[in-house]
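Next, two complexes with chain A in common: one pairs it with chain B, the other with chain C.
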Partner chain A sequence: MIYIVEFIVTAFRESPYHVITEIFFAVLLLVLLLQKAHNPTKEKPLTKKEEDELIAEWEPEPLSRPLNEEEKWELSTIPLIESKPGIMVTMNGKKTLNFGSYNFLGVVDLPEFTEAAKKEIYKYGVGTCGPRGFYGTLQIHLDLEQRLAKFMGTPEAILYAYGFATISSAIPTLAKRGDVIFCDEGVSFAVQTGVTLSRSKVYYFRHNDVDHLEEFLKLQDEIDQKYSCRLAIEESLSLGVLGKTERGICEYYNISRDAVECTTSSLGNAFSSVGGFCCGSAIVVKQQTLLGAGYCFSASLPALLCGSSLKVLDILEHNEKIEGPDNIFSKLKTLSLHFRAELAGIHGLEVAGDPSVPLVHLRLNSKTSQKNRHKNERILQEIVNKCFESEYPLGLTRAKYSEEEYLMPPPSIRICISASHSKEQLTKAAQVLKKVAESVFRDGISFDNELNSNEINSNNLDN
Partner chain B sequence: MIKVGPEDSIPQRIEPLTNKSINWAGDKFFWIFYVWIIFGFRIFLWMIGIEDSAAAWTATNIVHSVVTFFAFHWIKGTPFSYDQGIYDKLTFWEQIDCEIQNTWTRKFLLIIPIVLLLITCNHTKQNTSLMMVNVFFASFVIIGKFPAMHRVRILGINK
Partner chain C sequence: MGKHLVSWFVATTIYLSYGVMFIFGYVEEFLSYIKRKVLFFQKKKEPTQPVKKSKQLASLTNSFESFYIRKIYAKVIDTYNRPITTIPGTWIVVRDRWFSKGIGSELEYTGKEIKCLNMGSYNYLGFAKTTGKCHMDVIKSTDEFSVGQCSTRLELGTTRIHKELEAEIAKFVGKEDAIIFGMGFATNSTTIPLMAGKGSLIISDSLNHASLVCGSRLAHAQIRVFQHNDLRNLERVIRDSIIKGQPRKNRPWKKIIIIVEGIYSMEGEIAPLPEIVRLKKKYNCLLFVDEAHSIGAIGPTGRGIVEYFGINPDDVDILMGTFTKSFGSVGGYIAGNKDFINFLRLKSFGALYADSMSVPCVQQALSALRFIMYDKDGKKTVEKLRENSNYFRERLVRMGFEVMGDFDSPVIPIMLYCPAIFTTFSRECLQRDFVSVLPILLDELKNALDIISEVGDILMAKYRKEMNVDQQKLLSPRKKFEMLQNQQQSIQIK
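Coming up: the complex of A and B.
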């Protein structure tokens, strides 16, 4: 021990800085070696007693938890559909005028539409029994993809078997972790799922607020020093509805489809089929054949549904040659304007949406709307029920949303006008709606004990 | 000093470690190889005829500091694309052992530059300025390995 001290002292006399440095680093070494490994995630192991306690007090959760009152009521409002959802649909045993299906083109009632599907059943059977990469590709898939690409005016298109999965598979192939997505607040839940799955940084801008988007883009510009963005549009509700030849929103606003990187649409709405497609440049589409989760890992679209989509494309192409009031787009426009004009002055409700669009949302106006969303849903459901029970039964539905939506739209009755509706049907329907709304807001609604019906009456004013 | 925040959630409970760019750092063979290559460099300098032990050890120390600073504390991310860039903001040192501090791997990799510095100081007893040069170079790698410097970027360099 003494020798060490002697040694250090002599060394210190020789070269003091050297010894100081060495001792400093030696001490540092010891200090750092003695520090405990810091693992914040590892939990302390439990003692036997604690383990036994936890096991004793554990109660298994039910496989499906019991529904609460609101959910039970919601379930009870779902009607039973007993016929094909054409213009007339049999709901809960009664034949009603169908306003709930997205049957914009009115093809569901056409005999050639079902014949096209039947023909494919006889040829291909019912299911494809495989994903596109594993014996699931049929000639009709390729035909439909080509036809869709030609219809939309893009180089290529790709078909998905499930409308929701279309956009939520397409977006992650275009953007990934580290990328930035600017998304409208009011997009559908499928788009929200897609942007979440992409793991990119998402900025939601206020619905239809271009200035807010521009603020975000300017911010990004500062970061990136460039202003390049790619546009992806989800056209489930605008394809087959907007545009002189029903080619969607680009035609409606006279923009070239080349400005859009990737367009997706569900075939379940205007096309009255099942599935979805995405169209764009060859790179965008071919990327999805490898990376699109819904394409690679789900069974492909059954041939009968491809057949019916092809038939709808035939109908739309035939429709291009028709000018004047029989053209589907002008029919939809006149019917929508007519219906909204007939609905003017309805008690307690406001008619939302662009006037020439066949999708009408009836919402409670500021005077009749309650603070509690469930109460609002009840009021609207009462209107729906009374319309169902009137002497001219209407098949209405409330708009349904997922609980996980980014922006929850206000509760509404969603009315879909079809090109096969006639003006008289819409006039009568509007009259029924007005009568029912008047009676509901005049008489109040019988709620369960927790909801106070007096609140409805006191809020009722003329219009 | 700007702290790089944990915006992306990097899975902490991965067993076995799936980050293939650093899961070999705990291998004992790597440790042996690391020590061997440092001494190999010193011996190589001896073999090409550098007799001055102070200069040779200083050279070893400086080369080791520069190379390990660049490899451990400068290069970020992984060479693999399948982890989708979740480690893109982390240097090699920060990725070791899923960011758990003071594990034996980290302690070993911390001991090596300190011991090398001690050896070098011992050999440069006479030349204080040469020793200061050694301390300067080695301090980069030693300070970079402190637990307090985890995810810290001084002055925003290499963010």
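Coming up: the complex of A and C.
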């Protein structure tokens, strides 16, 4: 202490102004340090009156708005079905040749199909009154799961009460936050829902582009060499359609089902029922019995729908023994090729899809397609309406999609060919379609903004 | 519902039970690990080919989940997913299963079939039967329309039966229009995303059903949660949300939707709807009520929680319900104003992509609904359900069991807490031909109560036996609401 004082006194003698300046700054520093810090971000809390004012000022949107003209028109195009969705269907009061229902196997018209469902109604009633965990597991569920597992050649299978809920519940049990999913751009909306719910990192690769997928996989390989990928396939439209014994895409390409970890399918298409199932290894299926939201927290599949699905399995197993043109797969392939050949040269439309597949999309070609999607839908609906009103009425539908689709498909008329259709029916249908398309693109259609034939054909850029 | 206080002795046994299960589980895991290592060392003695290091699949579960499923859940697995071989009516036949090699191993069927009194299925009004007008209507519609429509509602899946059911259910709940879907779960998960778009807020009860949570997650809206049935917390969450606006952007919310359930399926509690409606009106929010368990089950004519409390249906914006419980069918509906329902008809994922509801199921729901609405015995059935539930609940409370939920609710949870107790309770009841929807005959109810009392005594599960019966607990929410209104009116008069 004394040393410091001696030092200051010596320094003062040598340069007094320096010491005075230093002392001044030291005092200033002390004063600044002792002052309260200024915190600009700390706000005064709002008073109750101010809060109430803010709350009173808030004007929310109403729950819904009235439909606009486009939406009203869309609603008016939904037909009223008044019969079974068999080969012939009564639509809006008229009997038509059905090309809109996913009745690929043609089982809807078979009396034994309906009898199988009625038998279960007599035994189990309609509803199961509970989820699988609480006395909603009927013996028929276990039977159907065993039969499906055996049919698909996998160790186990699990049933869901709804096709849409199947894949959207299965994916979140396989992949969670922190996992990676590689998904085709063109997957169905149910798969997209499942992928969103899983909260994993998703990479969409271009539709059917295996090279693009390989690029992603190579990148993933560089990040982490430890783990390989699981493969999951959604076979709602390929089960019952592809493969010599209708076992789906693996049979079509002659690949073992063991290469696929998880296969899901809806029972609403070829099986003409309602519901869905997932099959795969024991661990994948067990995971879903414990964590699948659509399985654990929902009432189980009604027995009548199980009964009808079992009957379809019987029919498919019977079909295995049939060789030649009467085999369902051969029939479907022949009919598809025949139909597409008959449609060749159709005015203004292009026929999309694999030639041997019984699902045909009729789209507007590059000359007739308009920029405005709604106008395209109107043109296609006009074709659908005129086919309905023709001398040989056809029951057609446009394919309908949500605005939330990842990759919005172009507007189209979806035609489903059934194994019960005959070649003559398909020939006549193709002739009707060709005639109607020609008349629509020749005469034009009139709606609010009068679309004449020149406009349709020249791909008008004003809209 | 109030805190559930159990005595120190009971609390200790519960913790002890879990502790013992976990300790034994970990010990078993350790022993299997040792066994694997010993076998590995034994194998190593033989000359083997060098193993190529190949890629393996990542595990589907994390290590704790895997342990829990194999060592804890595997021991109680026989009490869940019990298969039945008959219609889920008053009496059912359960296929007996037992562990093949000691508790925790694979289940196998013993070959025995046990006929039991069914109080485990959601068959509230007894429509699970194979006789009567509903059944005949269903058979007729199966012949006419087949089993599935092979299409979606927007394409070729709409029949006149669908339209009739939509019109009737809208009339039943007091709304302009309704739309039906083939699965109750999908009704919520495919329509909530359309109600709450970007810039909206969903305020959801903390104990909401998985389908509501799923639908909320798929929506682009933000989600906030409030404490179960806690109105002060709800009001605070609403006020905070409106004042602060959207996070990061600080813009006001486009709309706020409050999602609650009529009756909570796991707690048996009825939501305090009059107060929620008052809050909703005060703060200009929208209200969605999921009546999966309350439609057809409460209210003088079974019209659900809105009728139960005497609220105007226009005060609740969206009413959702299912046909699974009170109508003996499957599927769900959403009822609201015409514009909203038309919007759902065009844009909901369920209408665009999901299979149209199976016509026999639609017909069953329609016939059951018409019975409740127009038949002279319809109202009586709903009354009987209420009487049975209240009688059963009161007897259980007086026996000394810890019973959750409210009076007038048909869901009656008995709290057992301890894993050892609830597993043994289930097994003992099955041995006595009773599984834990209400039967219609009073004798069967009394029988069931005797069985529950007997098993409860053996397992010392009557946690409230020494305590006095809380008189407040014996009042239903409706009575409490009426008492409150009378108090308020008498204060005003003074």
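By our rule, the second predicted complex is superposed on the first by the 384 of 463 C-alpha atoms of A that agree within 3 Å, B and C clash if a C-alpha of one lies under 4 Å from a C-alpha of the other, contacts with A are read in each partner's own complex, and residues count from 1 in each chain.
The definition used in the following text is that a residue touches a chain if its C-beta (ideal position, glycine included) is under 8 Å from a C-beta of that chain, and two chains touch if they have at least 3 such contacts.
These numbers were taken from a predicted model, which means no experiment stands behind them.
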- request: Return first, second, both or neither, reflecting whether A:Arg177 touches chain B, chain C, both chains, or no partner chain.
  value: first
Task: Based on the superposed arrangement, let me know which partner A:Tyr253 touches: chain B (first), chain C (second), both, or neither?
output: neither
Message: After the superposition on A, what does A:Tyr17 contact: first (chain B), second (chain C), both or neither?
response: first
Query: Which holds for A:Leu29: it touches chain B only (first), chain C only (second), both, or neither?
result: first
Task: Using the touch criterion from the header, give the chain among chain B and chain C with more contacted residues in chain A.
output: C
- prompt: Who does A:Leu63 touch here: chain B (first), chain C (second), both, or neither?
  reply: second
- line: On chain A, the footprints of chain B and chain C overlap at residues none
Statement: Note: in the complex, chain A contacts chain C through residues 46, 51, 54-55, 58-67, 71, 74-75, 78-86, 89, 91, 98, 100-103, 108, 113-114, 117-118, 121-130, 132-139, 141-142, 161-165, 168, 173-174, 179, 188-190, 193, 196-197, 225-228, 230, 261, 266-269, 271-274, 283-284, 287, 289-290, 293-294, 296-299, 302, 304-305, 308, 395, 397-404, 414
Message: Under the stated contact criterion, what part of chain C meets chain A in this complex?
response: 55-58, 60-61, 69, 73, 80-89, 92, 94-95, 118, 120-123, 127-130, 135, 138-139, 142-160, 163, 182-186, 189-190, 193, 195, 209-211, 214, 217-218, 239, 242-243, 252-256, 283-286, 317-318, 322-325, 327-330, 336-337, 339-340, 342-343, 345-347, 349-350, 352-355, 357-358, 360-361, 364, 435, 437
Field: Of chain A, residues touching chain B in the complex
entry: 11, 14-15, 17-18, 21-22, 25-26, 28-29, 32-33, 35-41, 176-178, 199
- prompt: Hey, which residues of chain B end up touching chain A in the complex?
  reply: 8, 12-13, 84-86, 88, 100-104, 107, 110-111, 114-115, 117-118, 121-122, 124-126, 128, 131-132, 135, 142, 146-147
